[in-house]
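Have a look at the structure that comes next, please.
Chains: A, B and C, in written order; residue numbering restarts at 1 for each.
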Amino acid sequence: MIRFENVSYQYPFQTQKALDSVSFAISEGEAVLFTGVSGSGKSTLIRLINGLAPHYYHGQVSGQVLVNGHDNATRDINRIADDVGTLFQDAEQQFFALSVEDELAFAHECRGVGPDKIKKTIEEVVDRFFLERVVDSAIFDLSEGEKQKVALASIVSLKPGIIILDEPSANLDPEATAELATTLDKLKEQGITIVVVDHRLYWLSGLIDSVFVLQGGRIVESGDFSILENDTKRVNHGLRKTQIRDSRKDLPHVREADTTAIEIADLTFAYRNKRLLFDHAYITLPVGEVVAIVGENGAGKTTFARLLTGLTRMHSGDIRMNGAVLKPRALLKKGSIVLQNTDHQLHMKTVRAELEIAAKGLPESERNRRVREIMQHFNLDELALRHPQSLSAGQKQRLVIACGMIKNPDVLILDEPTSGLDGLNMKIISDKLKQLAGLGVCVLVITHDLELIEEACGYQLRLPLNMEI
Amino acid sequence: MPVLSENSKISNDPGIIQRLDVRTKMAICALSSIVALFLEGIYPLSILAVASMVYALLHKRLVVVFVSYGAILVMGLMAAFCVKIMTVVMPEMGKMEIQLFFSPFLRVMILVNVILALALSSRVQSILAALKTLRLPLVIYLPAAVMIRFIPSFIVDIKQISESLKIRGYHINPLTITFHPLLTMRLLFVPIVVRALRSSDELAIAAELKGLGYSEKISYYKTTALSLADYCAGGVATTLLCGACLFEYHDKLF
Amino acid sequence: MSNPVRKKRYWQTRELIVIGTFAALTKVASLLIAIAGGGMNPVSLVLKNIVATSLLIVLVYKVRKFGVLTLYALINSLVSLLFLGGNVMALPGMLIAGIVGDGFIMMTGGYKRAWALVLGVGLFDLLSRAISLGYSYLTVREEPRLLIMAAIIVAIGYTGCLLGLGSGLLFVKELRHAGIVRE
């Protein structure tokens, strides 16, 4: 179905090859995984399969890429698209419309398909992907798992023989990830060839037939899924684990902690015309250990972070830090949140300027000292003059955490800090969080990443509060 | 404006205006604007102003309509105040005669009413359907659909960026905008421009990979035909507009 | 037998998407600055126009093709008309401004010359405002002095546009430095 014959590829304006002399073959109905650290050439490889490279990104290709028997060099992207469908990490970024039904219809409308045929196709995919409940919903009202299902349904409705999934589990919680695995398994049973590129590996063991590990643009390992179970190889290639214990089941609850840095009493809050998220709740948060805030979508994880940092006002309640009650304004000074989207938090021309503006409340000499210290602590020295938006995902994440830390907050909250990061970067972030917690900062992590929870977290706060495992 | 939000609600029981097809509302809007521009007489303009006010009020969102009227009144008063100052400072500019304000005021009223009726009865989710009914070519339909799709996303993005700045101790408000305009612009807009460029790239790639934009023709799923209500509204509007023109020009015509 | 690469359409899908994205961003940014700055604040009036023009400069750098300003103006006016309270009478004016702006860029060296792009956008901004003022004149022709305030506001706004031409170029330079804009 897919054959690479000694393929090399170089992007425009780049001096090094992104892919170097790669050869492999994938049969019809096979499920294949490409993995490797960031920058190893995985994305380039799938761009060569779906034709984005070189038709969209330009650049130089040598060798031959054959998809369904046709040479990609001789076909336009839209012709290759008849054979290959691609689903990216952030499903919402692929949507053209604001409602599910409009989205499912859009690609067919633009291809000039008649309304009756579109109706039939939509009915088919709605049925196949169990979308009846959401077909009339607005895209923004869907959970990440539902968005991905809609995006996948939209692609499958175009009837490609190959489906490529780029980091499909990065934004999903473990339950939605398991559902995705089941969906892909069914598609595979129907004879569709599945190509997955992902850093998270644990959910793929039952699905994948062949694995290719990339490094520096070359395939360095290949075989069945068991080759990833060798820990030495896995660590050497910067990969994540293939088996993860769901530590949410046995991680102690924050109330079991011996030390208490923050005490929240009588917390009551609800959004307008919505049910109470917190009803006279009492929560204590410890120091010295990273706390995982877990729970389903809509359980109030982000709301809790907003209440704790004063971004949203409580209906009632007191927050005490080391015994003293704090007002919302003081909370904003004492706490810091690192949001999920790093791009939204990078504003300046250089990494150093970014840290300086984050420390703007400090006197100049103190500020310069803090910037120096924090750059060293987060290994950002060499990147001081780089444009923040030009950094890799792992480097950006380190920078935004450094910005969050520069004012020495008592509470640091991070929203999904490791989604989309490879094993190497996940380990770096997890070590930093543990270090910060060790320094006496109350570190809270809102995350679905089971590996991060297992690596870094000592306690959990499960929301809603009355829901215990 | 509430219609900007994806969560903006319109009454569950759609009023007369909500039931009208967007083509009808656009036609009424365009014709009324053109006719109001040509008319000069107080009476024909008054008839149209009252009729258009009823048309806007049928929307049942009285607060939004009256807030808009209030804003226009404030702007009008400020403009009149400017004129007053000019006539005092420069008497050679002539006197301020209040009756000269009537026709401009009525024209603006007509224009605002028909625009409100069109804009306030449209939800962002249903705008795509409205665009479909216009049967536009792909070259207009695709960017317009993308624009509509991104308006709610960008509002959310800007809110998030503004909050991330608040966390860092920088508040976006009239004071910071006035005293630190360049820093505000950088802090707020570097992330959003980067986001826009990345989003458009990602969406373009998704489009290419779905084979969009290569078909010779575009089809429209679920478009609506004009209903009896549309023909009635169109008929009433045309009669009123013709009547107003007849009122103004009957001396010249007959 | 594989299908050969087909003849390209004048407008590529990606270009249409960039135009739609920037039209949305310009609209949202202008609206939010106006709200955040508080109604008639002249600084927010200038800032709003700086941002809008800067974004337009980034757009013409990304989509260097005859018709980009015209299509942008058309999409912007159409969507504004449909649900943002835009004026139907502004549509022809914006279209004319777009066509003249595009024509000017073509005649003064084409879309590869930075200064032609800047002047073209400047002309587009000027014309669209002038046409809109002309329309306002027709609306208040019995008492044209009512236009004084509008003219002052437009003049303040256009100062922002002129500043936006420079800041737009700086933006493009920075985006190149960040590796986000490559052309």
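The rule is short, and it goes like this: contacts are C-beta pairs under 8 Å (C-beta built on N, C-alpha and C of every residue); 3 or more make two chains touch, one makes a residue touch a chain.
Treat the numbers as computed from the prediction; the structure is a model and nothing was measured.
In terms of CA centroid distance, which chain is the most far removed from chain C?
Farthest chain from chain C, going by C-alpha centroids: A.
Of the chain pairs A-C and B-C, which one is connected by the greater count of C-beta contacts?
Counting C-beta pairs in contact for A-C and B-C gives the edge to B-C.
Please report how many Å separate the Cα centroid of chain A from that of chain B, as a whole number.
Averaging C-alpha atoms per chain gives centres 38 Å apart.
Return the distance between the CA-based centres of chain A and chain C, expressed in whole Å.
Distance between chain centres: 35 Å.
Using Cα averages as centroids, what's the distance between chain B and chain C in whole Å?
Distance between chain centres: 18 Å.
Would you pick out the residues of chain B that each touch at least 2 other chains?
Correct list: 124, 138, 142, 145-146, 148-149, 190, 194, 198-199, 203, 205, 207-208, 212-214.
If a residue has to touch 2 or more other chains to count, which residues of chain A qualify?
56, 76, 78-79, 389
Residues of chain C that contact two or more other chains, please.
6, 14, 174, 178, 180
So in the complex, which bits of chain A are touching chain B?
50, 52, 55-56, 76-79, 81-82, 84-86, 88, 90, 92-99, 101-102, 105-115, 118-119, 138, 140, 154-155, 158, 309, 311, 332-333, 335-337, 339, 341, 343-348, 357-358, 360-361, 389, 403-404, 407
Under the stated contact criterion, what part of chain B meets chain C in this complex?
Those residues of chain B that touch chain C are 1, 3-4, 22, 26, 29-30, 33-34, 37, 40, 78-80, 82-83, 86-87, 93, 97, 100-104, 107-108, 111, 115-116, 118-119, 122-124, 127, 130-131, 138-140, 142-151, 154-155, 158, 172-174, 177-178, 181, 184-185, 189-190, 192-194, 196-201, 203-205, 207-208, 212-214.
Applying the document's contact rule, which stretches of chain A touch chain C when the two form their complex?
12-13, 56, 70-71, 74-76, 78-79, 349, 387-390
What does chain C use to touch chain B in their complex?
6, 9, 11-14, 16-25, 27-29, 31-33, 36-38, 40-41, 43-44, 46-47, 50-51, 54-55, 58, 62, 71, 74-76, 78-79, 81-89, 138-143, 145-146, 148-150, 152, 167, 171, 174-175, 178, 180-181
What residues on chain C touch chain A, complex-wise?
Contacts found on chain C: 2-6, 14, 174, 177-180, 182.
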